[in-house]
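In what comes next, subunit A is part of two complexes: it sits with subunit B in the first one and with subunit C in the second one.
This part shows the complex of A and B:
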C-alpha cells in the first residue's frame, strides 16, 4: 500500500433535480487499500459508487484515477469493475461463460480464457467442474464467488462492491467477509466497499469513511473511528456508546449532571465554558467497589441484563433517568444483577470528548 | 386432499376438452383424410390416392406457398427490426406513456382488417390521398405503389405489428437492468450488450412475437388480395379458391395440410427452444 492518492475525488456534487445527493465530496483512496464507505440508507453511498463506476454522471467536481480524469468516461471504458448487490450474473450463461465474459469481450483466445477461468475458480475455492454449471444450480455463496471471479477476470484497477453480502444469512456472511479480506491480501488490488453494516466494515477495512446526508463525516481506521469519533452521529453509528452532556469549566475541569469527577481533570483542546459530549464505550465502564477510585463516578440501578453470547450487556438507570450501557465479558458477570444498586466508574483515558459544533 | 384436487381438476377440464376435440381436432382429422381422397370428390368413402399432393407440385401451387412463406418471413424480419426500439422504449423508457401507446395500438384492432386495408388502398392509389394531393398542389405525379409484392409486405407489417410489439416488450421487460449495467461495467459496448445480453435474455418474447406474426402472415390472404391486387397469389388464397370456385375439397385439404405441417413444425421448434413459462408470468 502506498500513501499517495490513487483515486481522487474533488468537490464531487450529485444532484437529482432539486435534491442534492452528494454535497462536494473530497476523498483520496490509496492504491491497494481496502476502503469501506459506511452509512445508513439515504446517506449517498450508493450514489457515490454509481458515480465512481460510471453508471451516473457527476453534476460538479472531478474524479481522477492515477493521473487520468475519469468522471466523463463511460462505464465500459473505465478500468474499474463492480460486484453488484444483486450480483447481476448472466442467467443465460454457464458459470464459466459468466467469468470469461470480460475476456471474451477483449477477444482473448479460448485456451487462454479457459486457463484464466480455472485460475479464478481455484482462487475462489470453486471446483473447476463448475465451468459448465448453470447459474441457477449454484447456491447463494457460490454465486457470490462467481460474481467476484467475473469481476477479477476483468482485472480492474479498483474493485467496487455494492453491499454484495447484505442478502446472505449471518454465518455465510461472516465466512465471506473473511474470504474477501483474504482475497484482498492475495490479489493486492484496491477494494472499495460500501455497506450499511459497520460490523462488516470493521472486520475487513483498512480505512472507513462514514457518510451522512451526502457528506463524509469522518475518514479513519476502524480503531480510530471507534475510539475517537468526530460527532455524535459517528459515535452512535459505531456501536453501543454512552454519551454525557458535559461542560468544560473555566478552570479546565469537565463536569456534568450526576457525574462526580476528580478535581484534576482537564478538557484538552476544548475552549473553557464550551459544552461537549463525553463519550465512553460500554466495555470501559466498571462496576466499582465503594473504595475503588475512578476519574468519573456515578450511581445507578441495573434495569436489564442482555446476554450477547461471550459478553453480557447491562442497561443501567443512572441519575436523571440517564440510560447507561455497560458490557462485561461473561467471566466478569455480575451476579443477580437486575434491580441492584451499582456504583459505576471509568477513567478519563478511556473517554473521548466530542465538541459541540 | 391432493387426490381430490386432481380429480376435481380433471373433471373441470372435461367440458373444454370435449369442445376442443369436437371443434378443433375433429375438423383437422376430416381435412387430413380429405387431403388423401381422389380429386373433386365430396365424401370420405373413396380409396386414398394422394393425387391432390401431386397437383401441388404439378400445377405450381408450391409457388404460392413459397410466396406466402417468403413474404411472411420478410414481414417478420421487418417487424422485429422496427418493433425492437419501440418495445424497448415501452418496457424501459416511456413509463406512463407506454399505456397511451398500448391503447393506441390496440384501438387499431377495433376496426376490421379489411376496412383498414381498403383505407390504405384509398391512401396509396393513383389519385388517392397522397398522390392526388401531391398532383393537385405541385403537379408532380408518381405511380401508385399498390399491386406489388412490397406493398403486400407493408400490409402484413402494418396488420401484424401488435402481435410482434407486445410479446417483444414483454420479453425486453424481463431483462434485468443490472445485468445490462454489469455488462457495460465489464467493458461491453452498446452493440455487445444488445447481442450478448438483451437479445438472449429477451429470447422468449422474440420467439413468441416472431411465431405469432409469421404464422398469421403465412396464412394471410387479405393483404395480397386487397393491396397486392393478386400480383402474387398467397397460399391461403389458393386454399379458399380450391374449396369454393374450384369445388376441389381434396386439393384444398392437401394445401391446408402442407401449410399446417410446415407452420406446426416451426411453432413446435420455436416453442421448444424457449422458456414459455417465463413470459406467461408463471414461476421460472
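This part shows the complex of A and C:
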C-alpha cells in the first residue's frame, strides 16, 4: 500500500434538480486499500459510488484515477468495476458465461477465457463443474462469489461494492465478510465498499469514511473512529455510546450534572468555558465498589438487563433520568441486577471529548 | 391441505363442464364440416371429407388464406418491433411524458373495434387512400401493437435495470448491451407478443370488415357466406382456420420446449 492518492475526488457535487445529494466531497483513496463508505440511507453513499463507476455524471468537481481525469469518461471505458447490490448476474447465461462476460467483450480467445474462469472459480472456492450451472440453481452465497469472480475477471484498477451482502442472512454474511477481506489480501486490489452496516465496515476495512447528508463527517481507521469520533452523529452511529453534556471550567476542569469528578481532571484542547460532549463506550463503564476510585463517578439504578450472547447489557437510570448503557462480558455478570442501586465509574483515559456538543 | 374425495369429484365435474361449454360449439362446427349434407342435422347420416377437398382445390380459398396470412405475418413482425421499443419506453426508462405515454398507448385496446374500424375507414377516405389489405394491416396494428407492447412491458418490468448497468460497467457499449443482455432477456416476452399478434390478426373480423376494401380475409369471407350463400365450406374453413392457429401455438411450444431441453442436456453433459 502506498500513501499517495490513487483515486482522488475534489469538490465533487451532485445535484438532482433542486436537491443536492453531495456537497463538495474531497476524498483520497490509496492504492491497495480496503476503503469503506458508511452512512445511513439517504446519506449520499450510493450516489457517490454511482459517480465513481460512471453510472451518473458529476454536477461539479473532478475525479482522478492515478493522473487521469475520469469524471467525464463513460462507464464502459473506465477501468473500474462494481459488484451490485442485486449482484446483477445475467440470468440467461451460465455461471461460466457470466464470469467470462468481460473477457468476451475484450474478444479473448475461448480457451484463454475458459482457463481464466477456472482460475477464478478456484480462487473463490467454487467447483470447476459450476461452469455450466444455471444462475438460478446457485445459492445466495455462491451467487456472491460468482459476482465477485466476474468483477475480478474484468481485472479492474478499483473494485467497487454496493452493499452486496445486505440481502444475506447473518451467518453467511459473517463468513463472506471474512472471505472478502482475505480476497483483498490475496489480490492486492483496491476495494471501495459501501454499506450502511457499521459492523461490516469495521470487520473488513483499512479505513472508513462516515457520511451524513451528502457530506463526509470523518475518515479514519475503524479503531480511531470508534475511540475518537468527531461528532455526536459519528459517536452514535458507531455503536452503543454514553454521552454526557459537560462544561469545561475556567480552571480547565470538566463538570457535568450528576457527575462527580476527581479534582485534577482537565479538558485537553478545549477552550475554558466551552460546552462539550463527554463520550464513554458501555464496555468502559464499571460497577464500582464503594471504596474504588475512578475519575468519574455517578449513581444509578439498574432498569433492565439484556442478554446479547457473550455480553450482557445493562440499562441504568442515572441522575436526572439520564440513561446509561453498561456492557459486561458474561463472566462478569452482575447477580440479580434489575432494580439494584449501583455506583458507576470510568476513567478519563477511556473517554473522549467532542467539542461544541 | 389435500382436498377431500368429494371436493375432488366436484372440481373434476366442474372442470369438465367448463371445457364442454367452451369446446362444444367448436365440435358442432367440426361435425358440420364433415357432414355430406348441405345443412347440419343430427344424427349425421353420411360423413364425408368432400368439403375439405373442395376447400383445398378452391382458388378463392387459397386467395383468402394468403391474404389473411400476409396481413397476420406483417402485423406480427411490425408489432414485435414496435412492442420491443415501446416496452422499453413503457417500463424501463424514466422520461418526462412516460405516464402520459403509458395511458395513451393503452387507449386503442379499450376502443370498441367496430368504432375503431369505422374511424380508420373514414380517416383513410379523407386521406384519399383506397382501402385494401394494406390498410387492414395499419388498422390491425392500431389495435394489436398496444397489446403486444403491454405483453413485452410486463416482461421488461420484471428484469433488473442493474443488469444493463453491470454490462456497461464491464465495458459493453449500447449496441452490445442490446444484443447480449436486453434482447435475450426480453425474448420470451417478444415470442408471446408475436404469437398474440398473429392470432389476434388472423382471427380479427371487425377491423378487417371496415378496412380491407375489395380484399377479403378468412373471417370476413366466413361472415359473408353466413349471411348469403351458406355452404358447408363455411364450417370447413372455420375448422381449418382454428387448426392453423393451433399448429402455430404448438410450434411455438415445441420450440420453447426444445430450447429448454437443449440447455438442460448441455448442463448435464458437463
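Simple rule for what comes next: the second predicted complex is superposed on the first by the 356 of 357 C-alpha atoms of A that agree within 3 Å, B and C clash if a C-alpha of one lies under 4 Å from a C-alpha of the other, contacts with A are read in each partner's own complex, and residues count from 1 in each chain.
The definition used in the following text is that contacts are C-beta pairs under 8 Å (C-beta built on N, C-alpha and C of every residue); 3 or more make two chains touch, one makes a residue touch a chain.
Just so it is clear, the structure is predicted and the values come from calculations on it, not from any experiment.
Bringing the complexes onto one copy of subunit A puts subunit B in a clash with subunit C. Of the two partner chains placed by superposition, only subunit C is touched by A:133; subunit B is not.
In the superposition on chain A, A:21 makes contact with neither subunit B nor subunit C.
Of the two partner chains, both subunit B and subunit C are touched by A:86.
Contacts of A:259 after superposition: neither subunit B nor subunit C is touched.
Of the two partner chains, both subunit B and subunit C are touched by A:53. In the superposition on chain A, A:94 makes contact with subunit C only, not with subunit B. Among 58-66, 130-138 or 184-192, the region of subunit B with C-alpha atoms clashing against subunit C is 184-192. Contacts of subunit A with subunit B, set against its contacts with subunit C after fitting on chain A, overlap at residues 53-55, 74-78, 80-82, 84, 86, 88, 90-92, 101-102, 105-106, 150, 154.
By the touch rule above, subunit C contacts subunit A in their complex via residues 159-160, 162-163, 165-173, 176, 180-181, 184-185, 263, 266-267, 269-270. Within the complex formed with subunit A, the subunit B residues making contact are 176, 178-179, 181-189, 192, 196-197, 200-201, 203. On the subunit A side of its complex with subunit B, the touching residues are 53-55, 74-78, 80-82, 84, 86, 88-92, 101-102, 105-106, 150-151, 154. Contact residues of subunit A toward subunit C in the complex are 53-55, 74-78, 80-82, 84-86, 88, 90-92, 94, 101-102, 105-106, 129, 131-134, 150, 154.
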